[in-house]
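Two complexes follow with chain A in common, the first pairing it with chain B and the second with chain C.
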Partner chain A sequence: MLFRTAEKTELKALFDMLVEKNTVVGPVQTDTDRMGKPLFAFEPVTDQAKLRLDYTTTRLPAKRYFLPFREDLATFTTDGRDWTKTIGYNIDRPYVLFGLHACDINALNKLDKVLMGPVYPMPYYAAKRKNMFIIGTDCRPQPFCFCRSMGADTVLHGFDLFLTDIGDKYFIEIQSAEAYEVAKDLRTETPTEADHMQFMRTVAEMNKLFTAHVDTTDLTKILDMEFQSPVWKQWGDKCLGCGTCSNVCPTCYCYGVEETVDVSLKKARKTKTLYSCNVVDFAEVAGGHNFRPERSTRLKYRYYHKHRGFVEAYEESLCVGCGRCGEACLAGITVPEVIASVRGEEQ
Partner chain B sequence: MNKHEPTQRTYLGIPVPRPKVAFFELSSCEGCQLQLVNNETTLLNFLSLVDIRAFREAMTEKYDDYTIAFVEGSVTRSDEIERLKKIRATAAVLVAFGSCACFGGVNQLKNRFQDPAWVKKEVYGSHPIETNDTARPLEDFVKVDLKIFGCPVKKEEVEKIVTNVVLGKTIVAPKYPVCMECKANENTCLFDLGEPCLGPITRGGCDSWCPNSRFGCWGCRGPAVDANVEQMQEVMKKHGFSEETMLDRLECFGGFAGHAAEMRNNIKAK
Partner chain C sequence: MDHRLAFHNVIPHKHKYHRTSDLDSFEFTYKAEITSVYKLTEQEILYRIRIMDPEDRRHFSFHPGQFIMLELPGIGEAPFSISSSPSNHEDIELCIRAVGNLTTVLSRAPRGTRVGIRGPFGTSFPMERMHGGNILLIAGGLGLVPLRSPIAHVQEHRSMFDHVDIVYGTKDASRLLFKFQYEMWKKDDIGLHLILEKAEPSWTGPVGYIPKVLEEIVKSRDDSFIHNTYAIVCGPPVMFKSVCTMLAERGIPMQKMFVDLERRMHCGMGKCCRCNVGSTYTCLSGPVFDYWTVMNLKEAI
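Now for the complex of A and B:
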């Protein structure tokens, strides 16, 4: 890791340099909610002034750029008895993700383990991931953020550049060779001892802001013990089975595949659609049997995959504590509350 | 169009059957049928996929030999019951086409009038009118083989179903709620914008048609499988919407008629 500092005005130089040859995606304000608060989303940006590096969080993660909600895996054309298959990985230009928070970069690192692991890497994901330049940025923890509990409040790899706002300048971490090349063309300086102090103060202040926590001590064991706990039924009664929690989750990767023949009978496509273990037909198999027909077993399953099964397989949780699922859940079901209830803690 | 029989359609060199199809309307706005004819590029493909024997919106000739009947509209008159039974007797497959046919649709709003005779008099005066007191879905009178939901139906969905019928593939309607598609479309949730929406309990498949244009869902496709209507009430309440606001939507298309009646009873009991 290489450390540099730069004046804030250099941000524009960095942006302009990258936007020339890449699609730059970053946080922008897309709406205002009924309380007058801004809502942010990751959108392609061509003008640096639109970029809102001071964003709180986004309703949806930058998922569309690495795991699109819908994506053609292959298209087919037929001609008599013949047919032609076309496979595209659905990326035409490199992407720059400009301004991801630590949780979202950690989420990508987790997805990498599953989708680019050694046995069956998923080319559609890998093609996008390998053509991605990631710029991280520091954040102000919100009342629903519990990334610290999940060990996802800092990020050690998985990005190219990381910018921390230390007051009058940016503290820059340079992680990759590409980032080194980019930073060469910026006006940067070697950090002074005072810059180091300022960086540490910034991080310490950020840490003070956390209010939501999840106690992960012995959690896999506790989940094993509490498989029959009555709390699952209580949460299941609340759950709408709407799948929103998975759709807004930066680490949920489940999907369904559908083949459709065009009404002309001359074309067909195989489409992948992201799915959620919380929706009713997720565990329905051919013949109509449903392994998890009740909302409570489905909701429980989601927690067991995130906080037990994945931990057993990868020694880390499949939750980065971004809090998006709880914020988006209309039934008000949040990870800290569910886990606390399983642990028998007062809420 | 029957005069110019299109050549036998094939898929991967294999001839595909061209089922004889007829469209009928009972009490309805014919909006569902209109959906099918309003995109001419795919209409021609659609029409060559099936052998249309009757389709008032698209042709004048009419024949009585069909195997698949698409019946739009709800049953509101006694002669419609007779017609429907005759269609059932002819068709091997009867499709309830759109929410009127599936649930009664907007027409079933009249089912809640306490005094239908008075309403009839207010609306039609001394003009004689033959109408039943209730608007009913097809399945109250005949066996329905397939339901295509929506007010109106979604053209793409109908084309997909018909293509799958012709190719002998299974037909599956989404069981999950509209929210799944709404999130995939990356819409801002209507509740965040201070608007009510029945998306969390309504069957998907419309590609979140209304929320895509920032209108809350009115539940035209009826309940999703395992819909949590009780929790929906809590969500509405938490966001400051009255029970009547929710009932207006639940009662609009008939798919939630049972849930709405139960909710009204519970309110009365309180």
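Now for the complex of A and C:
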């Protein structure tokens, strides 16, 4: 890790030198909600003026650039008797992700563990992940953010550059050799001791802004103990089973595979679609038996996967505390509330 | 001063042999041909399948209890337990009941149909660990399908095992699978105990559920026999629960009982999460689990 500082005006230089020959994706304002507050989304940007590094959060994570909602795993051509399978990984160029918050970079690091680990690494993800230049940026915690509880408020790796606004300039962390090459062409300076202090003060200020918390102490054990707890039924009764929480989650990777035949009957495709464990037929098997027919068991399963199973496998939770699921949930179910109720805490 | 980032090709080299850690093994499909279609009952068909590339065929090997993903391009892909002997490197056999889209199309597929195979996947029955011991193979309904592979292993290594018994129950006589093998099993000194839930008057065997015959068998054996016995169980959850509870009470340790769980995998490689029980991947940590592990899987029972 190399630290530099740069004047704020250098942001445009950085953007311009990357956008010229690459596709840059970053937070832009797409609309306002009914309260008049801006809505942001990760979209391709060509004009730095549109890039909103001051964004609060996005409704959807940047998932579509590394785990698209729907993508073909393979295509087939067939002549009726024989067939040929063609595999493609659905990416033809590198992407620059400009302005990810720490939680979203941590989400990628978590996904890496499952999707790029030693056991059956997934090339569809790996091809996209390896072709990503990630520029992180600092943020101001929102009322729904509980990333600090999940240890995802800072990020140690998994990005190329990280920009922290320390008042009159950016404090820059350079993580990769590729980023070093880019930063060489920016006017940067070696941080002074005052810059270090300012950086630490900025982070400390940010930490004071958190209002949502999740107590993760002994959570895997508690989830085991409270498997039969009546609170699951209560949350299940509220849950609509719509799967929105998974759709907006930066770490939900579950999917289903379906094959379809082209009308010519000469071509077929095998398509992967992200799925949600809260949707009714997630655990249904051929013949119609459903291992999780009730909404409560499906909702519970989602918490078990994120806060118990993943911890068991990787010593960390599969939740980064971005709070998107709680914000998007039509029934108003939030992670801090569910976990507090499982822990028997007062609501 | 522009910065065109380099495009990284994540799979620069073509691997000939596919290891689980290779990126290109993920969607690798062996092309295979259905060489025989044998109707076992009104509902189940036994397919014999041969990987077409001779070299791939030689390298394809599996352990009893493992499964493969069978694909019909354009129709779908689903997991099936391999139901044949692991020592047969020419063909694999799959016994399939027509219940869903893929299996219904498959039930109309003629000999010569070209299918795709991925795998083998999952854990297996630890047959080597059972050497020198007695084995109880207990199957309910379609549960006999994955057990045919360890049974074949026992037949081929009969001197390595002491007493071997198969306890097999189905709804009625028309549902009995692999009838053509019963005499061979008996000749290999494997005890075969059949029980039907509902029987015609011509049926001379017992009528009822599996625990009924199983109880008689375990009662008739002494403690030292039970102490050296392994159990392999496959069937619906209600069946394996009652069977394993009975065997545990009789004194078989939980880690000597193996249960084969069935779920609907979409990938077979620990990615899609569709087969998760609690938060355990049936495709990676299973489908064969020892009973202690199954007991500790939330929502398995």
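Quick note on the criterion: the second predicted complex is superposed on the first by the 341 of 347 C-alpha atoms of A that agree within 3 Å, B and C clash if a C-alpha of one lies under 4 Å from a C-alpha of the other, contacts with A are read in each partner's own complex, and residues count from 1 in each chain.
The rule is simple: contacts are C-beta pairs under 8 Å (C-beta built on N, C-alpha and C of every residue); 3 or more make two chains touch, one makes a residue touch a chain.
What you see is a predicted model, and the numbers here were worked out from it, not measured in a lab.
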Chain touching more of chain A, residue-wise (chain B, chain C): C
Contacts of A:Asp33 with chain B and chain C, given as first, second, both or neither: first
Touching partner for A:Ala41 - first (chain B), second (chain C), both, neither: first
Which of chain B and chain C A:Thr78 touches, first, second, both or neither: both
Which superposed partner A:Phe227 touches (first chain B, second chain C, both, neither): second
First, second, both or neither for A:Thr297, with chain B first and chain C second: second
Partner chain in contact with A:Thr260 - chain B first, chain C second, else both or neither: both
First (chain B), second (chain C), both or neither touched by A:Val119: second
First (chain B), second (chain C), both or neither touched by A:Phe133: second
Contacts on chain A seen with chain B and repeated with chain C across the two complexes: 78, 81, 83, 260-261, 284
In the complex, chain A residues that touch chain C: 17-18, 20-22, 73-74, 76, 78, 81-83, 85, 87, 89, 92-94, 96, 114-115, 118-124, 126-127, 130-131, 133, 178, 181-182, 185, 224, 227, 253-261, 268-270, 275, 277, 282-287, 291-292, 297, 301, 304-305, 308-310, 312
Residue ranges of chain A touching chain B (in the complex, touch as defined): 30-31, 33-34, 39, 41, 59-60, 64, 69-70, 78, 80-81, 83, 237-244, 247-248, 260-265, 273-274, 276, 279-281, 284, 293, 295, 328, 330-332
Chain C to chain A touching residues, read off their complex: 1-8, 10-11, 20-27, 29, 71-78, 99-100, 102-103, 112, 114, 116, 262-264, 266-267, 269-274, 276-280, 284, 298-299
Complex contact set, residues of chain B against chain A: 9-13, 16, 42, 45-46, 49, 159-160, 162-164, 167, 169, 174-177, 179-180, 183-186, 188-189, 191-194, 199-201, 224-228, 230-232, 234-235, 238
